[in-house]
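I'd like to ask you about the structure that follows.
Each chain carries a letter (A, B, C and D) given by its place in the written order, and its residues are counted from 1.
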């Protein structure tokens, strides 16, 4: 049953333990900073009854009736296209800030459906039914979800079981009839602090020695032993004193270090517990779905930066200059190459035989994501080149309100065309993106959903070289026909 | 009616005037060098009856029966996908050398169908029926076509009518009841020397002062007054003394400077003659189709370079090294981003209302092409980095035949695995690509189907900024809702 | 006579009009935010008596005795090397924040010495003696200087005299026996608010129609009619609540929009007034000196980012990984290519014949600066890639003080080696650089001392192609000897 | 005593065994292709008595009188500057083709002087006097030298002693009182076929198990058991039929696979034989000198490509276009960054304490070389972008001689200005560089003097991070003063 924004907000007052800048947060929904992250998440619920958005955010399910479209299991390219659109449009609605609270959890559920079926097949476990039940629980209650994957990792060159402190990767410290006890910490869990359930999955492939680290489960943030320490949400803090910064006043997400001090998880919420040879599968299935999600929200972010740059080029009167055109095209290329990767990932997706879940094409998903990683700083350079130096050295919006300075600013900050205060707002927003939001945006673009190197390794491994090699051998005269050997992918 | 390879070859003995390295070519089909370009083109005919290729090269047409699939007018995304596949696979068959002889002409015909309809509507001309009749003539006779678009241009900063010598852009010097007389020269017309008809179209937009330069028509290469001067086909010349260079021995295309010394063109073969305000449309519609074609053949070329690089990485035993993996992924990204652009260009294509011709999406087509332009030299750097220095300083295949040196080479040129002569062939082929083929490949990748700057201008002009600007204004607090104004593209 | 830090600070209490975030600043030296920019500038005075720095910051002048080394007029490559070192080391002392207050003014004075001599020669003016007297005044009183060059510009595609509002470039609105009256606004004048004199110079070349805009002079910030509106100094504001952010607590500079409401300038402080054909020379001589300065301070900034990255690579235990090595080398290349440009600019500098002032080599200065412009965002990408995602999602320093979370953070944020709080500080500092400082750093790196396009135009114009063309003609067989024609530069 | 060109040429008729394209070469000086490489090398001798070049190619030595300046041991920055100039100017004289025959050998001798002193100190060997005697022999007889360093390597991931075939790295197979017996093959030894002595040195660091591979010596090409198999010198072959290609008709070098079939080396020519812990030192000292040489010749190559591009931009009438200016500046940046690295490497060089040999600065040398490696394909892209498509599809010079086509070409290939045949020559030369010379140039730029990865490893290892780390700690508040710890490099 679909919840309202208020239903969702009320559900967060459950005793969860959150810290923010050295203080315990009494009620996250009323916190001056984290409250914005609650408001932002609640928008996804509000949109379900918004005339303009209901059609894309809600769908009719045979079994459950009206459900959130995020929780519709994809069975076709068309389903993936709609999912892309849903993520793109809700990110636009969030003024370029992704709204993760249903997307990431469903990405993880779809991945766990596929991986659980394989684990069950080998080990006779019943993880498939656990994840199916959990899915039903989520859909029926229209829950908000977070995912905690990345461990804190200590020495990055060592495996989980090789670390000096054995808790640097989350692990099972005990197990009994009712469930397992886990200890460890997950880094940067987005919106965990404002979620109803956190899905915890392994962050890498494992060896037998890493058995205890091969664990996946779902847990409520209010479970005893679970503590979340939030990063300072700079983008909200910076906007409090400037009413023109509407992004920070309305849209934000928080990340927490999520710490498990011997937390109990009942068996029915466990999806992997020691089957080390499947940790890698879980670790890799989730990113395939989530990177597809990433391509969608990142192209909406790119749209924002492109739009600001285009309007500022007009405002500066330089849109026709050759070097500015080149900058603009850099931005177009970034946005549209992401979108193109999304289209191809959907149309060339693959249906999982056992579960029927339709998975985005790995190559296009990773290729799109890798482009997004490696070129984000390039589009920032292009946007800054277009905006001009004044963007960074601009007075504040308060100077527009002071009668002693307001007319001077209106006179001297005028551009080639357009209203001068609108011009200020566009520049101020771009300044905000490359300052208040920049640590998040740049780092997320480079690391979120897996690092650059991770994507390079994934692409070089999963790519099927058969046809390229066949062509090379044929063109080198080693074979006399192109189609030996040959597969059907190309 | 489908022709055989021999039908096609015989059709070229028609008195056409071709020069090669200072000499007139008596019979192009028997010329030691240009003969290879004939052979290469004839393969497209041979494939029509080849069991492995007939299905993709031939299609059943309601009106004309079995026709070349190249001449099937696209009416849907699926048609474009099949066309992409057709070009990709015939390029593979040509060992990475594109086979242009039916692709480019059909690209031009589709473009002229659309543009002619618009010219006719304004001017009451009958170009639509001219191009329709010409199309029927081509299909029925299964002709080989070339396109001549780029003028020699003289001073690139001046318009056609501003040049010191008025003939630097091809122009109408006279017109009478029966037709027009044209003079000028078109640079680098690929395979014009071995075509049955050459389609001539304007290379840029025109002003009223450039009226006489606004001309499009079809002409047979044997028409009096038409002379073609070929470039030296280095890739064939270099292979003659090395039997291991199977590419050059089998697959090549030539470019000619195609000179019109007052050539008469009858009205029924004219598709534009003075309607200067439509020269730009023709100049821009053709590239949209042809750049889609380019993305297809370039991804096949990229596949060849990727395949060679992968096999050489294995042969050198370095596939696992991190920096080599990065090189390999550069190659994968290049190839697959092109392919992804092709997929998106097809699925997001647009049907022309008047003619029903389905046109590839402009943004994805140009974005793919621009990536191909700007990153080709990067993949060469990656391939060379993988192959190692030995690739360039390698002895010749003849040294493998000399008993005094053969065993020494077999001993010392052995790699980590694989047959040493195969290893030599792979290196020799890559060396051939970056030497004998390099002037063509690099220049074509940067300039063919329009220069880098041309694509940048096209993208910045044709891109619809409405939604990006709407998002920027909304996120900057200038508007309070995202969807004002708004279009439906995104 | 050298001043103390206190002398300098006291000199700023002179009634100057400054606005900050909508409020008039009573006493800049006591302002909670701008006070840090005063403190930072005053360090240059304090260092003059610091044992470790006196040798590099003070020099003995024949005429004036002990003077600031910034005000030593360069006469040799060695002088430029020492100047580079002076700027580099004082930037290091400022924790990577450039200390502009003596560097930029001396850059402008050196440039005005050269340009004034040429103006005087043509027009019989006495600007040379004006700038010489001003120089003496500055040296004797050990003054702090700012430069105001960039006009607010309105429509960037229009010349000064073509703007709708004639005040979009600063101009002479009246002149009389005693001096001139100027009106207009200069954008982003660094540290003007805490300077003793502001040097105002033209921002571009002029035509005769722009005569009134061709003006250069010096003016005290307390002159009637002069108003400065500061940008919000985010880097200081953000550090106030976090005692670990020592950069923002100690080191910062402000930029102001500096507005001239009909300000009177006496003739003895004027260095150009209507000689429009020399506006361009002034506009271009200053950047040559100032870009040399920029190369020096930017290589110190790069050193900071390199140092943080290296320590974080060690802390993460990933220094040995191939892709991390590549990132580290990106950072080394950036820093050392800048330094190398500085070395070459000094050793290949040129002595101005009339004045004896030794000018940095234009090509190496601009090449170094262009590299700094275009690759800054690349090193940020490399630094972020090394640091890892946790850098952006890190809790705050306050969480290390809260006993409920402190031990958890110490346990879970431990790296491969080193103290965990030091690790936090390094990450927090890098986060600060890519957020609080990022709008300034990125924009300054791309626009300060002239935009990317400005450097490209300057390089393509000032480069001497003679020898390259001679080589090309010789190697193409057009000439038979390399040395015809030939110059001696290479 | 200085030799004449004829002395040198005659010295090559000594029974040396060379193979070229499957045939044994009877007399290398008379060989139709390799003869050009002899002629090119002999130019270095001819220049010693050329009025324009004697001053830079010859110097007066205290001990030996007039000697080749290449063999002057550098003792100061000034010596390195002159050496840079010598290499640059002789490369210009060679029409952009480096003339290696004295440069590389002296690079190796300087390196061996330094390394031998250290080996002798530890092992009591007398390699220092061996290399000193060899140096005297070279200087007195004005010899031409080659260096053979890179082994054929087999499986690149395995050490010498781990290879399946133990001969994949050159090794000592026997030793006796008189000398050592060596077996193995060195890849791509430039100009070994036309040298008087070949210096053989290890290609990597070694472990004790690689003892027999730790060997350095000098050997005459006519020594029994030594065989050289040349690569086909495409650049010469391609020019034979085109008299306008003056580069290939006059200037070329060959590379050989140089095979040692149990060759005897007397002890007095041995500089390392089993002292495995010094193999790495030798392997790394030589590149330092040789990469400095590389920066010099590569900047001359870059000058050629820049000159051609500039003249073609003028010829096309596009020099003023913004995107062409950007291309031109890419070329300027490439050339001048290399030159700047050379200047800095000289001025910041270091004197070896024991031998007094002045060594180029490692960081600037490697940084310059790495830029040359990674950006060569970029300047080719820029040059091709400037030249336009016609460059690749141009007819041949023979078509200018055929009266039937000559006037047509002169009319239609005319540019914006300049003689049309000169225009053709410039284009033809650039086409030649990106085809006939391209496999060599591109591969050499990426691999010669060490691969990209080798430079990255070298830079990340040899760079001194002390000051950068000190700054990072200070700016992060970990230390309170910048100068703890601290070294004096910066």
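Brief remarks follow.
In this text, contacts are C-beta pairs under 8 Å (C-beta built on N, C-alpha and C of every residue); 3 or more make two chains touch, one makes a residue touch a chain.
All figures in this text were calculated on a predicted structure; none of them were measured in a lab.
Of the chain pairs listed in C-D, A-C or B-C, the one whose interface repeats that of B-D (more than half of its contact pairs identical by residue number) is A-C.
Of all chains, the one whose CA centroid is most distant from that of chain A is D. Once the centre of each chain is set as its mean CA position, chain A and chain B turn out to be 40 Å apart. Annotation: 50 Å between the Cα-based centres of chain A and chain D. In chain B, the positions touching at least two other chains are 321-323, 326, 453, 456. Against chain A, in their complex, chain B makes its touches with residues 52, 88, 92-93, 95-96, 244-247, 300, 303-304, 306-308, 310-311, 322, 325-326, 328-329, 332-333, 335-337, 339-341, 343-344, 347-348, 363-364, 367-368, 370-371, 422, 425-426, 428-429, 453, 456-457, 459-460, 463, 465, 467-478, 482-483, 490.
Partner chain D is touched in their complex by these residues of chain B: 19, 21-24, 150, 152, 154-158, 165, 167-168, 185, 187-188, 227, 229-232, 234, 238, 241, 255-257, 259, 261, 316-318, 320-321, 323, 374, 376-378, 380-381, 384-385, 387-396, 398-399, 401-402, 404-405, 408-409, 411-417, 431, 434-436, 438-440, 442-444, 446-448, 451-453, 456.
Remark: chain A residues 321-323, 326 touch chain D in the complex.
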